[in-house]
Amino acid sequence: MVLINSVFCKTKVNLTLMPSTQAISAKNLSCTRGDKLLFENLNFSIVSGECLHVTGENGSGKTSLLRIIAGINRSETGELVWNNENALVNLSFFAACAYIAHKDGLKNELTAIENLRYYQQLESNNSNSDQNEEALDEALDRLKILQCADLSAQQLSFGQRRRLAFARLLVSNFSLWILDEPFTGIDKNGRALIEELCVEHLEKGGVIILTHHQSLIDSPINAYRKELKLSELDGS
Amino acid sequence: MNPFTSIWTFLSTTYHRLGSPREFYRISRYVTPVFGFLFLTLSALGAYFGLFVAPADYQQGDAFRILFVHVPVAWMSLFVYVVMAVAGAIGLIWRMKMAFVVTICSAPIGAAFTALALLTGSIWGKPIWGTYWVWDARLTSELILLFLYFGIMAVYYAFEERKTAEKAAALLSVVGVVIVPIIHYSVEWWSSLHQGVTVFAEGGPKMPPSMLLPLAFMAVGFMFFYGYALFLTMRNRVLINERKSKWVRALAMGESI
Amino acid sequence: MNTLTLYFRREWQLMFRNTSSLIQPLTFFIIIALLFPFSLPAENALLQRIGGGVIWVSAVLATLLSLESMFHSDYHDGTLEQMLIHPRSLPLAMLGKALAHWTATGLVLSLFSPVLCLTFNIPSDQIWVLFAGLLLGTPSLTLIGAIGAALTVTLRRGGVLIAIIILPLYIPILIFGAGMLTQATQGLDVTSQLYALAAILTLALTLSPFAIAGALRVTIN
Amino acid sequence: MGSCISNGRINMNWAEFFNMGGYAFEVWTSWGLTLLVLLWFVIIPKHRNARIKHEIKRQIARETRLENTAP
C-alpha cells in the first residue's frame, strides 16, 4: 500500500473550493518506538474552527502523533478520518494538509522567494505567473519579511527563517495546519503574528493541530482550543 | 461445502494463524521437529546412496560425490533468496509482521548455503579444473549472491528501530530478486567456461539414476533443513520481538501456551 | 508544472548554486582512472587493453560517491518529509530528481570519457563504443544507486553501506558496458550488448522510482 | 569402490571407502563443512532459545522486585 498509493496521484486537485465544514477525527491510534509504547487507543475529533492543542511531557509522543496525522508515519492501529473518508489513502487530504515542524524544509542555496515559490508550485497548477508572484510577495509582506525576499535562506536569522516557513501556509489553500512547536525560536512580535494568522484561519473555517509545551491560556487561540493530553505510559 | 471452498478456508485460516506471532510459536512447536525428522531421514538416505551405493563417475572418479552436497546447497541458496524476497514483498504489501521475520531469519541461512556452495564448489574445482577458483559463470553468480545476502543483513543491522530495519531489508531483498536474473544472464554471457546444465537439460536428465536418486533425496532433505533451521531461528526472533507481551512472559515462567 | 519537470528543474537550480557538487564527481572520476597507469607497468599495449574497464570502474565509483549526498541535505532540512506528504506522485518526483542528478554526474562523465580514452591510447572507433555504453549505462547506475541512497539516508555512516548494497547490483551494467569494448577490440558486433544496456535502463527507469519512493517511506520516520 | 553387494550381503572395505579413490580430502572436507554448518544452525538457535527465556524470566523477577520495594 505504501508503495502503491503514491502512484495513482492525480495532481489536479481542486484547491479553490474549501468545503464549508472540515472535520478530522482519529480512532484508536497507537505508536511504539522500539520497545516503548508512546500512546495507544488515542481518539480525537475536531471540526472547522477548532484547534487541537496536543500537550504532554517531553517524549510523550507529541511529535510522533503529529507526524502520524500528517501522513509521514503510519499508525500501527486505527484510522484517521478526514471529511468522512480514510485520510491516508485520500489525495484531497494531502492537498489540504500542511505540516510545519522544526526542520523547516527550506534550502540554504535558494532565496526566500525561491523557496516559497517551490512550495507554491508544488500545491497548484495555476500557471498565471503574475498572480502567483503577487501572492508570494503578499505572503512575505504579511509575515514582515518582504525585505528579505532576495536573500538566500542561509542569510536569514532563525526567526526570519521560521517566518518564511509559515509564509508557506499563506501561498496555498490549506485547510488543515499541523504545527509542531510553532512558537519556538521566534520573537514576541513574530508569535503574535502567527497567532493572528491562526485565528484568521480558524475563523475562516480551517482546522489547526498544534503542539506547544506551554499553556495557551493567554493566547488568542485559546478561544478555539481543545486539549489532547498525552500521558506518560509505563511502557508495558 | 465443496472441496475448493474448504481448501480455501483452510489456507486462509492457516495464513491468519501464522500471521500472529503467538499462533506461529504454538504451531511451530509441533511442525519444527517434523521438519527436522524429515531432513534427517532424507539426507541420511541421500548420504547412504550418494556415498555408498552410487558408483564412481568414469571421468571424475569419487570426487563427484562432492556434488551431492554442492548441488543441493547451491539450489537452496537461490531458493532461500526467492523465499526471502517473496516474504519481504508480502510483508511490505500486507504489512504482515511474520513475513518480515521470515525475511530476516532466512538471510543468514541463505548466506550460509551460498558460502557452502562456493566452498564446496571450489574444493570440487581443485581436482577437476586444477585450481580452486575459476571465473566461471555459476561460481561468480554465487559470489555475487553472497554479497547480496551480506547487503541485506548489513541493512538490517544498520537501523536501530526494528520496524524500519525489517522493512528496509525486505525492500532491498525485493529489489535484489528483480536484479538476480539479470546478474545471472550477464555473468553467463560474460563467461562460458563451465559445463552446461546437466540436470534439467532438454529431453530429461542426462544423469544416471544412481546419481539422480541421492541428489533428489539430498535436495528435498535440504529443503526441510531450511524449514527446520528457519523455524528454529524464527521462534527465537518471535520471543525477542514479543518479549513484552503477556504470552511470552507466561512462557518464560514455564507456563504452556 | 508537472511533477517531473518541477523536480528536474529544482534539482538543477540547486546543483548550480552549489558548484562543488558539479565538479567533485568529474574530478574524482579522472583521478581514479589516472591512478591505474601509475600502479601498472606503463606499457601502451596493456593500458589500451584495460583502459575501457578502468574507465567503467571509475565511472561506477564516481557515481557511487555522488550518491551519498543525493538525499542528504533534503533529509536534514526537512524537504524530504514535505515530499512524502505533498499531493504529488513521489515516484515521479524521484525520477525527476534522479535524472537531474545523472546530468551532473553520469552525463558529464560520459562526455569527458573520450578525453580519458586518449590517455589510454584507445583507438577512435572504440571510443565511440565506450561513449555509447557509458551514455546508456550511467543513468541506470544513478537510478539503481538512488535506491541505496534512499535506504541509507537516515544513517550517520551510510556511505560504506551504500557501496555494500549497491555495488553487487551494478555488476550486470559493468559486465555489458565493459564487455562491449572487449567485443569491439576483437572486431565483433556490439549491438546485442547495447540492447542489453538499453533493456536494463528501461527496467531501471520504470521500476526504480517506485523502489526509491518506497525506500524513503520506509526509512523516514 | 568401497562397497559391493553380493548375495544380499554388503561387504565393506572401510579403508578404501575413506580413501574415496584418492579424493579423500576433497570429499570429506566438503561433506564435513556442510555438516558443520548445518549443525551450527541447529545448535545455536536451540541454545539461544533457552537463554532468551532465561533472560525474560530474570527481567520479570527484576520487575516484581522493583514493584515490591516501591512504596
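First chain written, first letter: the chains are A, B, C and D, and each begins at residue 1.
Following the convention adopted for this analysis, contacts are C-beta pairs under 8 Å (C-beta built on N, C-alpha and C of every residue); 3 or more make two chains touch, one makes a residue touch a chain.
Note that this is a predicted model, so its numbers are computed, not measured.
In terms of C-beta pairs in contact, the better-connected of the chain pairs A-C and A-B is A-C. Taking the mean of C-alpha positions as each chain's centre, the chain lying farthest from the centre of chain D is A. Centre-to-centre separation of chain A and chain C, using mean CA positions: 36 Å. Centre-to-centre separation of chain A and chain B, using mean CA positions: 47 Å. Centre-to-centre separation of chain C and chain D, using mean CA positions: 46 Å. Between the Cα centres of chain A and chain D there is a gap of 57 Å.
Within chain B, the positions touching two or more other chains are listed as 92, 161, 243.
Listed for chain C are residues 214, 218, 221, each touching two or more other chains.
Residue numbers of chain A whose C-beta contacts span two or more other chains: 2-3. Shown are all chain pairs that touch, namely A-B, A-C, B-C, B-D. Against chain B, the residues of chain C that register as touching in their complex are 144, 147, 151-152, 154-155, 158, 161, 164-165, 167-169, 171-172, 175-176, 179, 196, 200, 203, 207, 211, 214-215, 218-219, 221. Taken together, the chain B residues at the contact with chain D in this complex read 36, 47, 51-53, 55-56, 61-63, 65-66, 69-70, 73, 108-109, 112, 115-116, 119-120, 123-124, 126-127, 225, 228-229, 232-233, 235-236, 239-240, 243, 248-249, 251-253. Taken together, the chain A residues at the contact with chain B in this complex read 1-3, 33-35, 235-236. Residues 2-3, 6-7, 9, 11, 13, 67, 70-73, 91-92, 94-95, 97, 99, 101-110, 114, 118-119, 121-123, 125, 127 of chain A are the ones touching chain C in the complex. On the chain B side of its complex with chain C, the touching residues are 92, 144, 147-148, 150-152, 154-155, 158-159, 161, 164, 167-168, 171-172, 174-176, 178-179, 182-183, 185-187, 189-190.
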